[in-house]
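My questions all concern the structure below.
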Amino acid sequence: MNILETVGINNYIMLSALLFCIGAFGLLYRRNAIIMFMSIEIMLNAVNLLLVAFSSYHEDPSGQVFVFFTMAVAAAEVAVGLAILVSVFRNIGNIDIDNLKNLKG
Amino acid sequence: MNISIVLIVLLVGAIATYVSGNKLASKIALLTSIAAFGATLYALNAFNGGENLDVNTIWINRPAVNFALHVDGLSMAMLLLTTGLLPLIIASGFVTKFENEKAIYALMLFMGFAMAGTFLAADGFLYYIFWEIALIPIYFIALKWGNGDIEARKKAILKFFIYTFAGSLFMLLAFIYLYTKGGSFDINKLYALQLNSTEKTYIFFAFFLAYAIKIPVVPFHTWQANTYSKAPGVGTMLLSGIMLKMGLYSVLRWQLPLSDSAAKEYMPIIVALSIAGIIYGAVVTLKQKNIKKLLAYSSLSHVGLIAAGLYSLTIEGFQGAVLQMLSHGLVIVGLFYVVELIYNRYHTYEIKEMGGIRIQDTYFASLFMIIMLASVALPTTFNFIGEFNLLYSLFKVNMWYAIIAGTTIILGAFYMLRMFQKVMLGGETKSFQKISKQESIVLVIIVVVTIFFGLFPQPIIDLIEPSLQSILTQIK
Amino acid sequence: MNTTILLLLFAPLVGFLINIFFGKSLGKTVSGVIGTATVFISFLCTLCLFSQINSGAETIKFHLADWFTVGSIKVNFSFLLDQLSVLWLLFVTGIGTLIHLYSISYMHDDENMHKFFSYLNLFVFFMIALVAGSNLLIMFIGWEGVGLCSYLLIGFWYKNQDYNDAAKKAFIMNRIGDLGFLIGIFILGYTFNTLEFLEIKSLLGKDVISPSLLSIAALCLFIGACGKSAQLPLSTWLPDAMAGPTPVSALIHAATMVTAGIFMVTRMNFLFDLTPDVQNVIAIVGTITAVVAASIGLVQNDIKKVLAYSTVSQLGLMFLALGLGAYEVAVFHVITHAFFKACLFLGSGSVIHALHGEQDMRNMGGLRKVMPITFWTMMISTLAISGIFPFSGFWSKDEILMTAFHANIPLWVIGSIASIMTAFYMFRLMYLTFFNDFRGTEEQKHHLHESPALITVPLIILGTLAAVGGVISLPGNSWLNHYMAPLFAHKAHGEHHLDSQAYMLMAIATIGALVGIGIAYSMYLKKKQVPVADNEVQGLHKVLSNKYYLDEIYMAIIVKPLYAISTFAKNFIEKYLSKTVFGFGSATYALSIQGKRIQNGNIGVYLFAFILGICGFLIYLFNIRN
Amino acid sequence: MSTLIAIVGIGIFCLLAEIMNLRKIIIPVTIVSLMALFGLTLTGNLPEIKGYESMIVMDSYGKIFSCLFILLTALLVLQSAPSYVKGTKVSDFISIKVFMLSGAVAMVTFTNMAMFFLGIEVLSIGLYVLAGSDRLNIKSNEAGMKYFLMGSFASGILLFGIAMLYGATGAFDVATLQEASISASTEYWFYIGVILITIGMLFKVAATPMHFWAPDVYEGSPTQVTAMMSTLAKVTAMASFFKLITILNSQMLYSYTEVIIVVTIATMLFGNIMALRQKKIKRVLAYSGVSHTGFMLLTLLNINEAQNNLLFYATSYAIAGLAAFSVVLFVIKNEDNDQIDNFNGLAKKSPLMAFIMTIALLSMAGIPILAGFFAKFFLLSQIITSGFIGLAIVAIINSMIAVFYYFKVIVAMYTKEAEYEKEYANHSEYYIVGIVAAILLLVIGLFPDALMNLL
C-alpha cells in the first residue's frame, strides 16, 4: 500500500504500458520465433503487473485472481506455440519466421 | 379460385420437368406451360366476370411482408404475355437439341414462374424477390446452353448479371427506405405514403437505375447485345420477349406512382433520353453484322419508344406502352425463333453468310416477312396499334418528340428490310432445308395472333384501360 | 347496299387469300382468272354504287367494326362512299381489272404467277381501303398497305438484289412521307378528338384551332402525299420502282397508288383550303417536280424509266392544280392520266415482252410494223399525254395550265415548259421504239411478234379511253365538276368560260406540244439519231442522265453519313460506353492486384499493419475526445 | 451454466472414450449428445445450475447464440468425421472442438470479464492447435504459427484492455462495467480499455486492418479446420464483440461510430476486392468471410435493435459457409491443391454437390429467397432506418463486387470441363452436411420470421 502511494498508480500504468510496448516492438522487429514468444510473454506480464497494481489500488483481490488466469492461459499458449514451433523446425530446419512466406496473395 | 394457381402450376411444373428426366422433360414443360396459359385464360375469364382473384396472406411479420398478389387489367395483360409466350418459347426450344434437357426446361418454367410473380406481386418485397430470382435461371440458361466461345460468353453473361443485379439493389434500397417510412410493403400503403419532393427524387432515380438497366435505356444498355448474342435462342427469347417487359411494367406499377412529383419534374429529360435511345438503337442496328445483335439493338430501339411512352405520363402513352410490350414480346420471340431456325441450318449468325433462303423456302420467307413487317409496325398488325398510341402520346407532350421518335418508323424499316434482304433474298447460295410443319407452328401462331390483335385490339385495351387510368390518377 | 360494299371491299382480299394459299395447286391460269375476277367483282360493285351516288345524293357511311380507342379518340373500321371515293374506286378497279387481265398473259412464264396475282389482289384491297376509308387511320392502313404491296411487287424478282434495293428504297422513302402523314394525323386527332373526315370537316368550321397548327398539319399531310406520289424531294424511288414487272408499273406506279397523294389532298380539301401558305408550297413543289422530272425524262434510254419520269412530272402537274385549289381539275387529270399512262406502260410491257426483256430504247426501233396494235394504242396515248387536241390529256392538262395562268403566271410558264418537254420525250420514245430500223440482235429480230389478245385487248380499251376520256370534263360543260361539286366548299375552279383567253391558252399549249414533237421528229426520225452510250454523255446531258445526281446527293448527305455514324457508334461508342460502364469493374480488379502485394505472406507486415491500425485508432479517438 | 457444463462433459467423454477404446462411437455420441443439448437449451428444459458468483448467465441472447454454436459444432464434427477415419487422434480433435464450443458458449454468456477471457482463449488456443494440426505439412505449420503469433498479440491487447477496465472500475463483472460506461465520472482508463478491447475483437473477427492473418491461416489450415474458423470462430467472435459493445459502450460516442464505419467500409471493400483475383477456393472464402465481417460489423451501429439482425446474418453466413465447405471438402480430396480449377465440371460429375455449392454461394451473394438475402436485407433496413444511407450504398456496391467471385466458382462448376479424371472425396457426411445446410438456407429464406422471432 505504501509503495503504491509513494510511486503513484499512473507510474505503474506507464511502466506496464512501456513493458507492453517493448513486447510489441520485440514482436515487430525480431524474426526469431523464440524471441517473439518471449516478447509475447513480456506483453502478458506487463498486463499482469498492471492487474496487480490495480488490484492493490482498488484494494480488491479479484485482480490478483485474474492474474492467475492470465498466467495459466499464457502457459497454455506458449505450450501450444512451442509445439507448433517444433513442428516448424522439423519441417524447415530453422525457426526464422521469415521463412514462413508460402501463404500469401 | 385465385391467381396463385398460375404460379403454382408453373412452379410445380418446373419441378416435375426436372424430375421427369431428359426424355420427357420437353413435353412436360410444354404441357405445363400450356396448362399455365389455360389457367391464365380461366383467370382472365373470372376476372372479366368481376371475380376477385387476389391473394393476401401474411408471410413475414417482421418486416411486415405479405404474400400479396393483385390482379388488375395491367397484371392480367402481362400475365397473358408471360404464360402465352412461354409455350411458344418452349416449343421453339424443340428445334434445338440441348444437353441435359430436363434442366433447361425446368429453368425456363422457373423463370416463367418468377416473371409471372413479378407481374402479379402487390407487395414491394415480394415483388423484389420475384424480380431478382428471375435473374438466376436466365443466368444459367445463358451460361450453360449459350453459344460462342465459353470465355467470352462467361464474361458477357456475368456482366449482364452484375449490371442488372446492381441496378436492382438500388431499387431494394429505395424499397427499404419506403418501408422505414411507412412500415409496410403493401403497394397501396406505399402509394399512400407522403414523401417530400427530395425523397421522391431519390426514390425515382433509385428505381430508374434498376429499370433503366433492365429495360434497357441508353446508355445503360451495354449488356444487352452481347448477352442476347451469347444466350441460346430460348434464352434470348425469354430475355427479350418477357424479361425486359418486367422493367417496363415496373415503371408503370412502381416507379411512377411512388415518385409522382419527381416523375413529372424529370419527365422531359427521361423522355428525351428514351428517345435518344430509339434513334441510337436504330442507328447502331444499321451496321450490325450479327443477326442476333441486330435484333438486340432493334429491340433497344423499340423499347426506347415504349419507355418514352411510359415516361410521357399520358394515358395514351401507358396504353401504347402496354400494347407495344405485348406485341413486341410476340414479334421479337418470332424473330429470334426465325434466327434459330436459320442457325440450325447454317450454323452461323453472321448475316453475310446467309442469303437466298426465300427462293428455297417461300413459306418460311412469308412467315418471316410478316413478322418482320409487324416489327416495323405496319398497320393491321398489333405493333401498329401500340406504336401509334406511343407516338401519339409523345406528340401530346411535344410535337418534336413525336417527330424525332417517329424516325424510328423510317429507320426501323431501313434496318429490318435491309436485314431481310440480306438474309432471305437473292439467288440461292447455300442449300436451305425447308422448315417442317412442327417448326412452323410457333411462327404461324405468332403471325395469327399479331394480325388478330392488330385488327381487334379493343378487348385488350378495355382490359388494361381501367388499371392504367387508376395509375394515372395516382400520379396526377 | 351493305353487301355490295362488303363485296367491293373483300372480293380482292378473298382473291388474295385463295391465291396465296392455294394458288400453286390451282395452276397459273386459274389463279390468274381468280385474281382478275375478284377485282372485276369489285368493279361491278363500284358501278352499282356509282349508279346510286350521284351528284348531291347523300353519301354512304358504312361501319364495319370497331377498331380501337386512343385516349378519347375512337377509331373504327368504317368506310365513306361519296362522289370522290366512288369515282376513284371506279378507275382503280376498272384499270385494275384490265391490268389483271393483261397480266394473265404477261406473267404466264413466271413460276410464281399465283404470288403475283395474290399481291396484286392485296394491292387492290388496300387501295380500296385507302380510297373508301372514312377516317384517316383507315386511309393510313391502305396507305401503308399499298406501300407494302408496292414493295413486294417491285421486288417480285427477288433473286436480283438490285431489284430488292429498289423495293427497299421505295418502302423507305414512302415511310418518310408516312411519318409526315402520321404527325398530321396526330395534330388533327389531338385538336379535334376524331379522325373521321366528315367530323373534322364540320369541326373545322368552328374557330377552335390555331391557324399555325393547322398549317403544320396540312404540311405534314402534304409530306405524306409527297412520299406516296413521288414529289420532290422524295421522288427518286419511283423510277427505281420500274424494277417490278411492267403490269405493276402500270397499275401501281402510274395509275393508282402514286395518285394516292392527290386523293388524300383532295379528301382533305377543306383543310387545305384554310391553309393558303401550304397550298402555295404544294403548287411550287408540284411545278418544280413537273419540270425537273420532265427534264430528266428527256434523256432517259430505258423505256420504262422515261414513262416513270413522265409519271412523276404529270403528278407534279396534278399537285400544281391541287395547290391552286383546283381539286376537280387534279382529279380530272388523275383519271385521264390513269388511262393513258396505264396504256403506255402496258404498251411498253408489250414491247418488252416481244423483245424478251429488252428495255433499252437504243436497242429497239422499227416495231411499228410488227406490233401495230401496240403501236397505235401507244400512239394515241402519247398524243394524249402530249396534250394534242382532242385526246383526253389535252383537256385535263389544259385545265391545269389554265388554272395556273389565272393564279400565277410563273407557275404557268414552268408548267408549260414541262408539258413541252413531255411532248418531246414521249415522241422521242415513240420514234426510237417504233420507227426506223430495228437495232436489236438478230435473234430478237426473229422472235418479234405482236402480243396475244389478252395483252392487246386491255391496250385497246385503255387506248380508247385515253382518246375519249376528256369528255367527262369538257370546258364549259363539265360533268365531272358537277358531279364532285358537293365535296368542295367553293365553286369549282375548272368552270372557265370559253372566252378568247381560254382559246389562246389552248392554242399556246398545243403549239408548245407541237414544238416538242417537232424537235423530237427532227432529231430522232429525220436525223435518225440514236442516243449515245451512257459513258459518252457530257455536260448538261450528263447531269440530266444522272437525274441531277439526286440519288448521289442523298447517298452523300443522308445514307453515307448515317452509315458512318452507325459504324462509329457500333465500333466506337458502344465499345467505349461498355468500357466506361465496366471500367468500375476493371478498376476494382486492378486494385485487387495491388492488394495482393500487401498481402505478401510476411508476418512482420501483418503485425505492422495491425499496430498501425491500433495507433490510428488511439490517435483518432483521443484527438476527438480532447 | 448447465449447458457449459454439459459441453465440457461431452469433451471429457471424448477423451475418456479414447482411453476406453471406444473410438468408433466418439463422433456419433458427440453429435447425438450435442443435438440433444441443442434441443434442451433451445427449449430451456435444462436445469439451471447456479454458482461461481453467476459468472455465466444464460440470457436469451446467450441462449440463442449458444444454440447456434452447438448446432454448428455438431455439423462441423460430422463434417470433419471423414478426416479422422484413419488417424488415431480422433478423440483429441473432437474433444478440442467440443472444448472450443465451450469457449464459444462462454463468450456469449459471460457476466464477468474473466469468463470472457477464458472463453476467448479456449477458443483461440484450440484453433491454434487445429490450424497446425497437419504436422508434416509446412503450410499447416505456417498457418498455425502465424495464427498463434498474431492471435496471442491480440490476446495481449485484449487483456491490457481488460486490465484498464479493471483499473477504472475495480471490478470485472459486467453489471459494474455497464454502470461505469454510462456514468459521467468514469476515468479515462475505461475508454482506453474499451478501445483496446475493440481492437482485440476486431482482430478476432478479422476486420481490416487486423484481418491479414485470415486468408493465410484459412489457406494453410486443414480444410475442415478452415470450415470451423470461418463459421464457428467468426460467428462467435462477432456475437461476443456485439455483446461486449452492448455492455461497454451502449451509448456510443459519435467518434467511435465513425471509427466503426470506417473499419466497416474498409473491411467490406478490402475483403471483396481482394477476393476478386484469388485462384484458391479457400482464400476466396476467406476474403469473402472478411467482407461478411464488414457486413456484420454494421450491426454495431445500432446495438440496441440489431441483435436479431446479427443473429440472422451470423446464422445464414455460417450455414452457407458450412454448405460451401462441405463441397470444398468433397472436391479437394488432395489437401495441397485447392485451386478453383478443381471445381471444373463438377456439375456433370455430381450435380447435387454443384447445386449445394450454388445455393451456398448465391446465399452469400444475397440472392433472394435464400437466407443470405434476408440477412442483407435486414441489415440494410437497419442502417437505413438509422440514417446511414451512404453506408447502405457502399454495402450495395460491395454486394455487386461479391457477385464476381462467387460466380467465378459457379461458372467453373457449370461450364468448364475437368481437365483430367478427378476423384472426389465421396463421403456421405459431406452430402449430409451439405444437404442439411442447403435446406436450412432455403427454409430460413422462406420463413425468416422463425429465426427473427427467436430473439
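Which chain is which? They are A, B, C and D, in the order written, and residues in each are numbered from 1.
Note that a contact is a pair of C-beta atoms (placed from the backbone, for glycine too) under 8 Å apart; a residue touches a chain by one contact, two chains touch by 3 or more.
The model shown is predicted, which means the values in this text are computed figures rather than measured ones.
*Asks:* Measuring between mean CA coordinates, which chain is farthest from subunit B?
*Replies:* The chain farthest from subunit B, judged by C-alpha centres, is A.
*Asks:* I want to compare two interfaces, A-D and B-D. Which one has more contacting C-beta pairs?
*Replies:* Counting C-beta pairs in contact, A-D comes out ahead.
*Asks:* Would you mind pulling out the distance in Å between where the CA atoms of subunit A average out and where those of subunit D do?
*Replies:* The mean C-alpha positions of subunit A and subunit D differ by 26 Å.
*Asks:* Taking the mean of the CA coordinates per chain, how far is subunit B from subunit D in Å?
*Replies:* 43
*Asks:* Can you compute the centre-to-centre distance for subunit A and subunit B, using the mean CA position of each chain? Integer Å is fine.
*Replies:* 66
*Asks:* Please tell me the distance, in whole Å, between the geometric centres of subunit B and subunit C computed from their C-alpha atoms.
*Replies:* Comparing mean C-alpha positions, subunit C is 37 Å from subunit B.
*Asks:* Name the residues of subunit A that each touch 2 or more other chains.
*Replies:* In subunit A, residues 24, 27, 97, 100, 102-105 touch at least two other chains, as defined above.
*Asks:* Would you give the residues of subunit B that are in contact with at least 2 other chains, written as numbers and ranges?
*Replies:* 162
*Asks:* Mind pulling the residue numbers of subunit D that touch at least two other chains?
*Replies:* 145-146, 149, 153, 215-216, 404
*Asks:* Chain pairs in touch?
*Replies:* Between chains, contact exists in these pairs: A-C, A-D, B-C, B-D, C-D.
*Asks:* Spell out the part of subunit A that touches subunit C in their complex, as residue ranges.
*Replies:* 24, 27-28, 31, 97-98, 100-105
*Asks:* Under the stated contact criterion, what part of subunit C meets subunit A in this complex?
*Replies:* Touch list, subunit C to subunit A: 596, 599-604, 607-608, 611.
*Asks:* Contact residues on subunit D for subunit C in the complex?
*Replies:* For this pair, the touching residues of subunit D are 145-146, 149-150, 153-154, 157, 188, 191-192, 195, 198-199, 202-203, 208-210, 212-213, 215-216, 253, 255-256, 259, 270, 272-274, 276-277, 401, 404.
*Asks:* In their shared complex, at which residues does subunit D touch subunit A?
*Replies:* Per the stated touch rule, the residues are 113-114, 117-118, 121, 125, 128-129, 132, 135-136, 138-139, 141-146, 148-149, 152-153, 155-156, 159-160, 162-164, 166-167, 170-172, 189, 215-217, 219-220, 278, 283.
*Asks:* Quick check on the complex: what are the subunit B residues that touch subunit C?
*Replies:* Where subunit B meets subunit C, its residues are 159, 162-163, 219-220, 222, 225, 280, 283-288, 314-316, 319-320, 356, 358-359, 362, 366, 373, 378-380, 385, 388-389, 391-392, 395-396, 399, 402-403, 406-407, 409-410, 413-414, 417-418, 421, 425-427, 455-458, 461.
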